[in-house]
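Following this message is one structure expressed as structure tokens.
Chains here go by letter, A, B, C and D, matching the order in which they are written, and residues are numbered from 1 within each.
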Amino acid sequence: MNRAAIKQKLAAIPAEAVIETDYDRKGFTLDVQVAPAQLVAAVSVLDAAGFFIEAVTGVDWLGEQAALRKEAQAKIAAEAKARAEAAAAAGEEPPPAAPPAEQGELPEDALEAVYDFNHYEELCRVTVRTRVPRSKPEVPSISEIYPGANWHERETHDFFGIIFAGHPYLVPLLLPEDADYHPLLKDFRP
Amino acid sequence: MSAFAGSEANETFVLNLGPQHPATHGVLRVKLTMDGEYIVEAEPVLGYIHRMHEKMGENRTWAQFLPNTGRMDYLHALAYNHGYVSVVERAAGIAVPERAEYLRVITAELNRVSSHLLWFGAFILDLGGFSPLLYAFDDREHILDLLESVTGSRLTYCYFRFGGVYNDIDDNFVAGTQAFIKRLRGRMPMYHNLVTKNIILMTRLKEIGPISAEMCRKYGATGPVCRGSGINFDVRKHEPYSIYPEFDFDVPVYEQGDSMARYMVRMDEIEQSLRIIEQALDKLPEGPVMADKVPKILKPAKGDYYHAVETARGSFGVRVVSDGSNTPYRLKLRSPTFSNLSLFGEACRGMLLPDALALMGSLDLVIPEIDR
Amino acid sequence: MIDYLREIISGTWSLFVGLGITIRYFFQPVVTVQYPYQTLPMTPRFRGHIELVKDEETGETRCIVCGMCQKACPSNCITVNGEKREGVKGKVLTEYRLDFTKCSLCGLCVESCTPKAITFSKDYNLAGVRKEAYIFDLKKRLEAKNR
Amino acid sequence: MHVDPEIIRLLAFLIGVIAFAALNAAYLVWLERKEAGHIQRRIGPKEVGPFGLLQPLVDGIKLMTKQLIVPAGVDPVLFRIAPILVMVPAIMSFVTIPFSETLVARNLDIGLLAIFAFASVNVLGLLLGAWGSRNKYAVISAARVVSQNVAYEIPMLVTVVTLVMITGTMNLHNIVMQQQGGFWHWNIFNFSASPLMPVAFLIFFVCMLAETNRAPFDMAEAESELVAGAFTEYSGMGFGVFFMGEYANIVIGASMATILFLGGWDCPFGLFPGVHWFLIKMYFLIFTVIWIRWTYPRTTFYGLLNLSWKILIPISFFNLILTSAMLKVF
């Protein structure tokens, strides 16, 4: 099993991005982004290649879209300003200010489920990510393939409220058994 | 182990092992469905000392989270500090002076020995022998004295800092450590004669609690648990960090996969750790123990970073997601015993209660580390 | 049959070896320290709760009320208050409150202190029946010590 | 009024026996804690009285002042009767033990038989207490106690039968009298009867450990597995009586080993026989019992059965056959 082969196999699954990252900088070798529907297929590839599961976790990207838009707007504004300055320097009439960009509905922020896999023989940490909308966070469970994912998924469900479809026993693991809150969500207030 | 005699389902009963039980070393509860003394099903129930370290991380600056890491696993606190400072150093691009790395390895390995010694004692205590616990404590106390003389603390050291260590060692520490290595080497044969070769212990551990390599893989078991099942996986060799590549040490691997194999792996690891410490003390370079240019307020670049270290219990990984601010955006702590314990339910099926407890002891559980 | 006997004999022998080890320890001197009748010397780096350093020249604290320790503390257990006074450069410390019930003895405050005004004390015999007894005013403690 | 001096003697002995049993139970706890301490390189009890000698007294007061909790749902009769069922037979056994040539309450012709009969009641007490306390740990413990006992009575009794064949009597006094005159006369070194006599002693000793539920065979209590096994629900003096019964049983076991194999009150060198020699031997055996407890880990239940059925029973039967053959031939 070598890194290139597994990268190729993963890339064969439709609709996903496989990025080789700099291990020394990041601490993992492959960064795989898949749609929730392709998750099981990607994990099966890793299972067949003899990977073991390290962890499952989540990241709440609340406010990411707003930040992205703000960044984009700032960029546009900066460009416009630069153009205006350039024009002024050239002694020309400043071009008319561009009409403000469409302020439509923000796309919904995402919850990200992150799966870490590693190999016992060769150093190859693969990070599989999948994004789901915050309002309907549903990801297929991989506990059929890796029974060890059972607890990790329960923990992620505790903390983020991500629902792992097909999980045999999705009840709170670390939180109290009647917990209906998800503390790692960014809008969680105790 | 005798064979599991199956019987009607309605003849089983539920036995609550814990949360206060002598063999669970803390507040772990295991819900056992029993058929007589045979275990039909075991479901560990966690979370009794869950402290939400990951949320705490999001509410503190990078440096302020440092004391928390040692409190996850109080037995090998320095390795957990090491994992966290390493990932932050990776994220912020801080280079660590060589002497500081040596000090980190020396203290972390001493701490590993102390953790294994305590595990040894507690494991034999699970099996009903009391005296080895106190002999192990006697030795462990010497390590704690050594570490206290350097770090000022005996359990939750909080000794590492981003870019180095908190203060330098002195000659007394070097001499004391060398004397301790000699002492422990002299004591190991006693441990083996008293415990390892004891016929009662052998019958209790040999061929009890088998865990296959495939099961380790499916559950993500690391550390002595997977090395006892014939998997040669040690983060120190597998993805070398710090200055471990400089040292000559072996990774003890046993093929049998039973409780005895895990016991032997840990006992051999004590010797290997002593070897590392010895070499590190010999090679110890002069120089500063703290990097020069560490910004007072850390703001690592955006992105996510992972770093794994080998603790006494397995591979501890920290994944941080930075948004470029002075607090972590997300901090994931991958605790090794969480994965190791998750295979307990499957591994102990059909076992007798005392054997299952021997198996549980051989997994080396530290509950605060599972619950985080 | 021979294996069976050999196993019995080697097993029994291992049991006697164990007995030999424990009886040897039985006759060796004890290693425990009989606290509180005996105590061990403290290591110089022992991290007790923090205390203010007495400046050798002035006999007062060196604290300049910069608040770095307060910011560094992970558990928010330090509160520093100061005031401006006539004829004195900078601020003068009026209160240094340490909530020891929350302190985790990590030492980040001592490290962050530029004028080296705080250090670790060597107190470890701390026991009390009320939580309030562990909210120390370090300035008052220093003054009491000076007296 | 005429009172039969025999009755006064019996009364005095009864009081003496009860006092002896109680004192032993109390001070064996002290001995156990002290010995364990020194084996583990610490001191053990030291605060109450010189060398902690008043510790058992304080412990006793503590146990007596504690509330006797009878949990809801227990069988009220069995739960209360069980500690007594453990304690009383142990005291009864003392009646027929000859401490010296004259120091014996009742010299029965079937003394040996009486003691083994009483010893088996001990198990019944544990079983009833465990069953009555309606606790899952206790019930598991009860099942262990009974099968452990069945497994261990056999090699023990076979060894004793071997001994009875050699001595030809069940009168404990006579058994000791036959061994008088130095250690080479003791049954443990009676090589003319059977060369395996030291092994027989070892078997007897191991069985005694198992009978009295001592480590490494303390499966009934097994604190790291079953919390406290049969005693889980007991508190205060209910537990205290169990505890005393346990130590009294150890004293009986050690006394029996002394009488049957080590020549009772006989001096090893043929000088000054008397009760002191009996006590020295007995306490040495008890010391060994405690020493063993603080050295080994606990065996498991099936390990114990394996040991009994695969090793001890075959060897003790072999010894029986060998002895009878040698008695016939010589």
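The rule is simple: contacts are C-beta pairs under 8 Å (C-beta built on N, C-alpha and C of every residue); 3 or more make two chains touch, one makes a residue touch a chain.
Everything numeric in this text was worked out from a predicted model, so none of it was measured.
Engineer: When B-C is set beside A-B, which has more C-beta pairs in contact?
Structural biologist: A-B
Engineer: So, what's the distance in Å between the C-alpha centres of subunit C and subunit B?
Structural biologist: 25
Engineer: In angstrom, rounded to a whole number, how far apart do the mean CA points of subunit A and subunit B lie?
Structural biologist: Chain centroid spacing, subunit A to subunit B, equals 30 Å.
Engineer: Taking each chain's centre as the mean position of its Cα atoms, how many Å separate subunit C from subunit D?
Structural biologist: So the centre of subunit C lies 50 Å away from the centre of subunit D.
Engineer: Just how far, in Å, is the C-alpha centre of subunit D from the one of subunit B?
Structural biologist: 43
Engineer: Can you tell me which residues of subunit B touch two or more of the remaining chains?
Structural biologist: Subunit B, residues with two or more chain partners: 131, 135, 138, 194-195, 198, 200.
Engineer: Two-or-more-chain contact residues of subunit D, please, as numbers and ranges.
Structural biologist: 39-42, 294-296
Engineer: Please categorise the chain-chain contact pattern as a line, ring, star, complete graph or other.
Structural biologist: Contact map by chain: other.
Engineer: Could you list each pair of chains that touch one another?
Structural biologist: Between chains, contact exists in these pairs: A-B, B-C, B-D, C-D.
Engineer: Touching residues of subunit C toward subunit B in the complex: what are they?
Structural biologist: 10-12, 14-15, 17-18, 21-22, 25, 31, 43, 45-47, 72-74, 104-108, 111, 120
Engineer: Given the complex with subunit B, which residues does subunit A contribute to the contact?
Structural biologist: 25-28, 50-55, 57, 59-60, 114, 116, 118, 120-121, 123, 125, 127, 146-148, 150-152, 155, 159, 172-176, 183-184
Engineer: Would you pull the subunit C residues touching subunit D in the complex into a rising list?
Structural biologist: Going through subunit C, the ones touching subunit D are 8, 15, 18-19, 21-23, 25-32, 34.
Engineer: Can you tell me which positions in subunit B touch subunit A when the two form their complex?
Structural biologist: Of all residues in subunit B, those touching subunit A are 46-47, 50, 52, 54-55, 58, 87, 90, 216-221, 226, 231-233, 238-239, 303-308, 315, 317, 319, 321, 329-330, 332, 334, 338-339, 342-343, 346, 371-372.
Engineer: Within their complex, state which residues of subunit D touch subunit B.
Structural biologist: 36, 39-42, 136-137, 140, 143-144, 215-216, 218, 222-227, 294-303, 306
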